[in-house]
Each structure stands twice: as structure tokens, then as C-alpha cells.
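What follows is a single structure, written as C-alpha cells, with notes after it.
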Amino acid sequence: MAVIDLANPTRFLTLVNRVLPWLAGATALVFAYGLYRVGGAPDDYQQGATVKIMYLHVPGAWLGMMAWGVMTVAALGTLVWRHPLADVAGKAAAPVGAAFTFICLVTGALWGRPMWGTYWVWDARLTSVLVLFLLYLGMLALYWTAEDPNRSARAAAILALVGAVNIPIIKFSVDWWNTLHQPASVVRMGGAAIDASILVPLLIMALAFTLLFFTLHFAAMRNEILRRRVRSMRMMQARGA
Amino acid sequence: MSTDLIELSATDLACERGGRLVFSGLNFAVSAGEALVVTGRNGAGKSTLLRLIAGLLRKSGGRLDLTGGAAGADEATTAEQSHYLGHLDAVKPALSVGENLRFWTTYLGAPRGAPIRPALEAVDLAQLSDLPAAYLSAGQRRRLSIARLVAVPRPLWLLDEPTSALDTQSQDRLAALMRNHRSRGGMIVAAAHGPIGLDDPRELKLGAVT
Amino acid sequence: MSLGPHADFIIASYAVTALVVVALIGWIAADYAAQRRVLGDLEQRGVTRRSQRGKDHKALGDTP
Amino acid sequence: MTAFLALLGRDMRLAVRVGGGALMGALFYFTVVAMMPFAIGPDLNLLARIGSAILWLGALLASLLALDRLFATDHDDGSLDLLMMGAMPLELAVAAKAIAHWLTTALPLIVITPVLGLMLNIEMSAMGWVALTLLAGTPALTFIGLIGAALAVTLRRGGLLLAVLVLPLTVPVLIFGVAAANAAIIGPAPFGPPFTILCALSLASFVIGPFAAAAALRQGLE
Amino acid sequence: MSTDLIELSATDLACERGGRLVFSGLNFAVSAGEALVVTGRNGAGKSTLLRLIAGLLRKSGGRLDLTGGAAGADEATTAEQSHYLGHLDAVKPALSVGENLRFWTTYLGAPRGAPIRPALEAVDLAQLSDLPAAYLSAGQRRRLSIARLVAVPRPLWLLDEPTSALDTQSQDRLAALMRNHRSRGGMIVAAAHGPIGLDDPRELKLGAVT
Amino acid sequence: MTAFLALLGRDMRLAVRVGGGALMGALFYFTVVAMMPFAIGPDLNLLARIGSAILWLGALLASLLALDRLFATDHDDGSLDLLMMGAMPLELAVAAKAIAHWLTTALPLIVITPVLGLMLNIEMSAMGWVALTLLAGTPALTFIGLIGAALAVTLRRGGLLLAVLVLPLTVPVLIFGVAAANAAIIGPAPFGPPFTILCALSLASFVIGPFAAAAALRQGLE
């Protein structure tokens, strides 16, 4: 199936229907294997067993950030090419990305308590993830408030682009803010090099999370296409009367 | 609907808006089955008069009485005995057509669970009952607003340019509804710039102020 | 596999993650079912998407 | 009663529908509270010390600002006219709208308070109490704000006017709310007295609010 | 106003709103001095067509050209050569009648300091020039909106149900303004449910789609 | 240019007329800042320490919330349609509105800042600097908020949505604004660097804001 065919939502729908079970299956398999490897992974010499949280935390962080990347690309698709599937892709990515960012935040907080003695510090990296989460919430609010999906798609695309420009600036300002006020009082995991016995399970989990992301993303896109179909049918109905 | 002999009468009625007298010394009476068309130039006070009767403005002088029927003599009661159809449609886009009508029906006092379908049919919106009202065009929203008049029986209809935004077919349907309302002893006071399909209405011409 | 002195936190992390993922899946599945249901409903009433087809598939849902 | 429930139900349904404002108050609360440390600085001790103040300020602003269009939407689409023409006293209609608003706006805000407490370094065990003070105090904010919402719509102004009118009236709620919350978090003052006063304020405004708001709406007939 | 030979033509025009095709394959042409009345049922797409020509909606297919006169061929220019009179009046209640008109006259490109009085006289609002627009009735506000068309010469008038809310006298005055506009080479595209006082207009009937 | 000035003038005139929003931002700012000590408690040292944070938070909220109906009023009464039909590029029209808004809303707010500084126990000599940071930073708030205002109007929503969308984007402005103000009040960090960044943020948003807002309005054509 040529790429151009995907421009057609119906074709895309057919594709999704065909691919989704396999994707879901692969996700489950990789997850199972990843969790098995995680179970077998050694404890960190500094952090003990709590390093097991990392296998959720880090993929969550990566996917949370990647989802905004997907939204940015989709935004360009919406604004520049006016591609109907781009709208759908952007909208479907928002809740999933927000959920992964949320996972990163919660697992980080749960990790912070045993490691730092507190659930939350206003550390630069934590804080910039929090702001990313706030941006996601804004995006969800935007989608939530708009009755008309076409309207909200373009508005969201603009917000996604503005956010994409702003995220590096926020990151930079937060670094500056944190170092200005308070020298880091927190110890992060020492040692630049991560041992392969930890790294490999981590990468497998990251793969599992990525698969999960795409499974959910495609499923959400399918819902969105159907929702628009319902909408256009209702519009038909309205004009019939 | 109460079919007792009922009458709306105004004596020496006056109203002030924004510190200016819009009209004064107005006298008229409408009784069961009658219709009064209020005409006059832009700014003459047609909308003002209707809102006054509906209890949405305060009169600054004179008397306004609704006698007979289930009504007492005070303004509040006039409001409760009237339907007001103004320029705004009181339709919530987020609710479906049916939900919109059901809410107003319940709120305005029809017995709970009374069917709304006949009213929707009367304005030809029955097939759209489940549709969110956001999808309606200007004229369809107006028709939904008219359905309220049918769903909750109240003796006095106050209609401010009711045919605006309606296509000819819907105008005919409204005319039929008004005829039916009057035949059952209802009263109509309508503001209009042209004919709106009322049979031999009485006319009240408000003087042009400017 | 021993989870050490901070087992609670590790378990909580996995539990929360599982919860979030399950909630997400549940929401998406429920949404799918809902859209399908409404779509079936509309189709049953004879509403079609096609009586006014676009020339091409620019509009979502306009396509066969 | 039927009319009361119908209006309550409608407003709640509108709030939770797509486009409704149900979660906007809670979202705003979350965002504002999360933003405050950026201004105040990342010092955890300082944040813990003024944590309950931050939460209460956030809740105050979110409650009042979310009230903004409570009557304005009904006014703009003509619903308010019809609400006034019903047989139910306007006071009750106003109260129904306020209750629906509190349920859909203030309640979610209280639910997410514990999460924010963590970020402000407030102890888990104390968070329940802080949420309780909000539960007791936010009705007062909603019902006092109600008056502002009614005034704002009759003056045809939205947004900040309401906050400017109402904020000064909410000073007692803020003071006793923070006092009760602080008593729970840091002590040593007892929790009981300020909390009792907070409840009393809510009850009083529950009675006064709808009357004043209905009066404002009636006076605004134009 | 440029009195060159000017023409508005649509070829196979289509418009989509909210993901639905409102109309497609629309063909018409209006040339200098002509008027086109767009009719059709509620929801047929009359307002949509006018907003499309005004550049306030995007077409989803076909061509729309304004040729001749000072106009080029792209949409932006069509918008700049048109007056749009929609359901909303673009009147600020806080400004006086005169201030409202003066702002739009300046903004829409009349030379600064051009007198607005003739335009106000044309809609019979000259005596109200200093009154805050908040005090205007529905019809008076509409007339203020019409004054804009007179104050800034633009060749194409797009009128959406222009007579709604106008009293008969004002309707006659509007008819005279339209006649005058056409006699000077202007064009009119109007949406209407009934006659609006245009002499031998061409008609475009939008089909009610079921 | 004539059109630009006409629009600027009209918006300023509307803002200062009865019912206009000119002083509402400043009033809200005053009220919110004056309320904070009620929540935080009367400890003067603490207040002095977080004084600039309070002022900046107040200014942030006032600037954003006052933007609420910047485009919405023009949309609701049909003016926006006509603004788009003028010969002037929409970007310029948007900029004119934003400048008028800044002049009528942010400027009065900066003027009353010294008074509030007294209440917060900030030294007189430092107040000038704090006001200067606001002067340099509030344009960034207005022009970033502009995007939110445009998005909100295309979505037909007002109120808190704008704040929720825009607040996270203003984090840098808040951080550098407070940093510069603190440098002026308590030192010891130099005032220059954060202030320069603040100015840069304002300039950048001055360019980006109108473009993004105009794009949002155009995309919102429906």
C-alpha cells in the first residue's frame, strides 16, 4: 500500500484494523519479556532494588517527550498540508502523551521518596517535566472545550508549535532558575555508564513502551476517525430536516 | 390550558429605558382568542413592550393586568402565564435538540415525563431529536425555540418578530400553530414589521420617537 | 527476587503505571464501542455519509 | 422541586459535556499552584511554610474566576429571560445553578489537592485536613462569588470585574481557611475553632448568596 | 468607486463546513450593476455562500473571481472590494453612533476626515450621531451598520437578510440605496427569504439537501 | 497606518469608556497582591523575601486574565469579520489591539506597583527597579497571552481556558522577571543578565505573538 493511500482515512482505517491486533500482540509479548528481564536484572549498588522503578520511569519520560514531537509533526501536517489525518494524529497523541508524562512524574516521585527523602523537589529536570505535563493539560483542555473538531485541530496545531518552540526555552530558564537559587542538594544516580545488565532490560522496556504508544495512538486515531464520521452523518441529518 | 375567559389589559402604560421614556399612555386589551400585532418604526418600543409584559422590564407607570384564567393580577403571574419568544433562542448547543426542549418543558412547568415529541413534530424537528443543537442552522434553532410554546401550554404568547430567519414553509407552520393556539382560547401579542400570518389581528401602532 | 526495604515504592510504581495504562486502554476501548454504537444507530436510521459526496476524499468521512 | 432538579441537572450536564467548564477550574488551580514556586523559588522549607496559603489562594482564584460566565452564558443566549419567567422563585434557580457549579468545579479541585500538597512538601498525613478545609470553605467562595457573577452580568462585564468585586468579601474565608489548614499542618493552634468558623461562613453565604444574587439579577432588568 | 467593468464569477464553487459539504458545483456570475438574490431553505447555505465570497470562509473547491475594476483575482482582494452585512452589526455599544461609523470608515479605507454625515443621513440616524450606540433598538443598530456601506465605496455588497429588523420606511430607504449603488456600477449579492426591494434581480436557488 | 492608528485609538477609547476594561487589570492586580498577605500571614521579613514573587505573580495573572475577551468581544458583535476584510494585514490589526491593551491594562498596573511594594515591605529604593522589570516583562506576557486569546476565540471559549493554555508558556518570563526583581531587592546576583533576557523575551514575543495570533484567527475561519 503506497504511502499516498494512507491519505485516505478509510484506507487508513482498513490498515489500522488489520495492523492493530498484531501491534497489540507484539506489545504484550515485548512487555512480558521486558518484565521478565527486569525481574532478573541486578540491583544497583547505590540504589538497591529501587532501580527497578527506572524501567518504567525512563521509558515514560522518553515517550512523554516523543509524543509532543509527534504532535509537532502532526501540527505541521495540519497547518501546512491541511492533511485530515494529521489532525487526527495530533489529537490522538495528546492524551497518550499526557499519560506517559504522568507515569514519568509519578514513578519519579515514588522513586524520589526512598532516594531523596521527599516525593518532590523543584529540581530543574523534574520541573521541566512538570511544565511539559502542564502543556499537555492545556492541550487536553483545548480539545475538550472545542465542539467542532476542525476548529480545535487547527488551534491545537498552533499551540503545539508554540509549545515546541517554548519547551527548549523553558528547559533553559528552569536550569538557570534552579542553579541560581539553590545548589543541587540532591544526589542523582552516579556513574555515567550504565551496566549492560541494567541497560538491556531498560531498552527492551523502552521498546515495549514505544509499541504501546503506537498501539494506543492508532486505536485512538481510529476512534477519532469514527467520531468525525458520526459528526458528519449528524450534519447530514441536520440538513435533511 | 385554562380556557376560562382571560384578558390582558393595559391602562396608561409607560416605560422608561436608559432614562428615556420609550412610550407612555398606552392602552390596549387582548382577550381570549385574540391577537394583537404591535407595529411601529425601529426604536418605537415594540420589543420593550413585549419584555414589559413578560416581566423582564419594569413599567414606570400605568397598569398591566392579566385577569381571569388561572392568573392573578400581579406582574409575576403575568410572566408565569406567558411565553416569550425574543431575538435569542435559549438553545444550548451542547445539549441535544430533545434535551433542550425537555429541559424547558420541565422547567416551565409541564408535568414531568410529558412527551415532547408532539411539539418537535409541530416544528418538523422530530427526526433531529438526538442531534446536538450545535448542528442546527439559524432557522432550525428558531423552530426549536417555537417548539417550547407548543410543549408547555400557557395562555399568552409574546412573539418578537417571530418569522425572522424562518423559511416560507416554517412560516406557514408557525401560522398554523398560532391559529390553533387562538382557537383554544389563547392570546398572542406579536411585534412585527410585516404580516406574520395572523388572521385578522388587532393592531397597535407605536409612535415613532425618533 | 527481593525488593529490599523500599518494596512499597516499587510496587506502587508498577501498580500506578499499570493503572494508568489500563485506564487508557479502557477509555479507548469504551470510546470505540460508543462510536461504533452511534454509527450503527445512525446507519440504521438510514443516515448516510454519501448522499453528498465530495469530489475527492478531502473531507474525513466523505469517502466510501 | 422538579424545576430545581431540572436546572441542576441541566447545568451539570452542560458542565461535563464537551465544551463544558467542569474541569477548567481544577486545571487552572493545578496550573496556578504549580506555577507559584517558579516565582517563590525552589526552597522546600519555605514552600512547606506557605504551602497552605498557596493552596488556598489557588482555590480562591479558581473558584471565583470559574464563576465568571455562570449567568453570562444564560444571559447571552436568552435563557436567563426564560429562567425568570418560570414559576420557581429566582432565588431557587440561582441556588440550583450555584450548587451545580460547586459540584462540577470545586469538587474536582479538592480531589486533586493532595497531589499538589506533595509538590509543596506538605505532609501526607496533613493533606487530608487541608482538603477538608477546602471542602468546608469552597461553598462559601462559590456562594459569595455568585453575587459577583450576578452583578457582573447585569453590568454586562465579565472576567476580572467579578474577582475585583468579590475578592475583598472573601477575606474572612481565606483567613480562617488558611488558619485551619495551618493548624493541621504545623500547629500548634487548634484546628477546631477556625474550622468551625469556616463552616459557619459557608452556611451563612449559602443563605445570603442566592438572595443577593437574585436581587441583583432582578435589579438588572433592562 | 471604480466604475470599470467589473464582474464576480463563480465556477464549480464548493464549500465545506464542519467537515460537511454545504454546496458544490455552484456556478454564477454577477456583473456591474447587477444583483443576485440567493434563496433556499433554512440551512441551505445562503449565509455560507456570502461569507465565502467575503473571504470569511475558505472554499473547498472551484474558482471565485472578481475581475476588472481595481480588483485582482485572488480572494484577499475580493474581500477588500466587498462590504459584508451579516447578522451581527459590528456596533460597539460604548461608542456613540458617530464614533462607530467613523471608526469603520477610517479602518475600511475611506480617506481620513471624509465626512460621515451624508452616510448617517442616508439611514436617517443623523440626529442620533452623538447618542451612545447602546441605546439603539435592533433596527436602528442595523441601520447604523448599513451606513457603513454608504460611507466607504466598495463595488460589491454582500447582504445577509438585510431587511430583517428594519421597519418599512427603512426598507424603502435601503432599496433606494441599493438602486443607487447599482446605477453607479455596483454589484449586490443578497440572501433573503422574501423580496427585499431589488429591481429585477437574478436568482440563485440553493437546493435543500435531504 | 491610518487603519492601524484608528484601531489602536478605538480600542483604547473602548477601554477607558464606562464599562471598559482599562483599570480592571490594575484593580485585580492590586486586590490580588493585597490579599496575599492575608493568606501568607503578617510576617514582614517573609513578605519582603517573597515580595517580588508576589508582585510578579499578581502581574502575570492580571495580564493574562485581562486578555480574556480581547478578541471575543469583536468576534461576538461581528467586528472581527470586518477587521479581516480591511486592507491592512491581520497581523498588524492584531498587534494594534495588543498594544492598545498593553497601554490600558499593563501600564496602570506598573504605575501602582510602588504603592504595593510599601505594603510588602520592599525598600523604596528597590521599587523603581521592580517596576522596571515589570515594564520590560509585561509586554511578553501580553503578546504571549495574545496567542491564547486568539485560540480561545476560535474555540468560542473564554475565561480560564486562556490562562490554562498560556500559563505554562510564561514560565520563562516569570522566572527571569522574579530573578531580576530579586537581584534589585536583595542581591547579590547581578541585575543585568536576567533583565537582558527579560527584554529579549519581550522582543521575541512581540514578533511571534501577532503572527501566531493572526494565524490562529485565520485558521479559525469557519
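When the chains are written out, they are named A, B, C, D, E and F in that same order, and each has its own residue count from 1.
To be clear about the criterion, a residue touches a chain if its C-beta (ideal position, glycine included) is under 8 Å from a C-beta of that chain, and two chains touch if they have at least 3 such contacts.
Here the structure is a predicted model, which means the values were calculated and not measured.
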Open item on the list: If you apply the touch rule, which chains end up adjacent to both chain A and chain F?
Closed with: D, E
- [ ] Taking all residue numbers used at the chain B/chain E interface, answer same if over half belong to both copies and different if under half do.
- [x] same
Open item on the list: Quick check for the class: compute each chain's Cα centroid; which one is farthest from the centroid of chain A?
Closed with: B
Open item on the list: Could you work out how far the Cα centre of chain B sits from that of chain D, in whole Å?
Closed with: 37
Open item on the list: Just the number, please: Cα centre separation of chain B and chain E in whole Å.
Closed with: 31
- [ ] Please compute the C-alpha centroid of chain C, do the same for chain F, then give the distance between them in whole Å.
- [x] 39
Open item on the list: Going by the contact rule already set, what residues in chain A reach two or more other chains?
Closed with: 134, 137-138, 141, 145-148, 150, 177, 228, 231-232, 234-238, 240
Task: Sites on chain D at which at least two other chains make contact - done: 18-19, 24, 27, 31, 38, 41, 76
TODO: Give me the residues of chain C that touch two or more other chains.
DONE: 51-52, 58-62
Task: chain B-facing residues of chain D, complex - done: 2-3, 6-7, 10, 13-14, 17-20, 76-79, 81-88, 221-222
TODO: State the interface residues of chain B toward chain A in the complex, per the touch definition above.
DONE: 93-94, 124-125, 127-128, 131-132, 134-137, 140
Open item on the list: Touching residues of chain D toward chain F in the complex: what are they?
Closed with: 19, 21, 24-25, 27-28, 31-32, 35-36, 38-41, 46, 49-50, 53-54, 56-57, 60-62, 65-66, 68-69, 76, 155-161, 163-164, 167-168, 171, 174-175, 178
Task: chain B-facing residues of chain E, complex - done: 18, 40-43, 47, 87, 127-128, 134-140, 142-143, 161, 164-171, 193-194
Task: chain C - residues contacting chain A, complex - done: 1-7, 9-10, 12-14, 16-17, 20-21, 23-25, 27-29, 31-32, 35-36, 38-39, 42-43, 45, 47-49, 51-52, 57-64
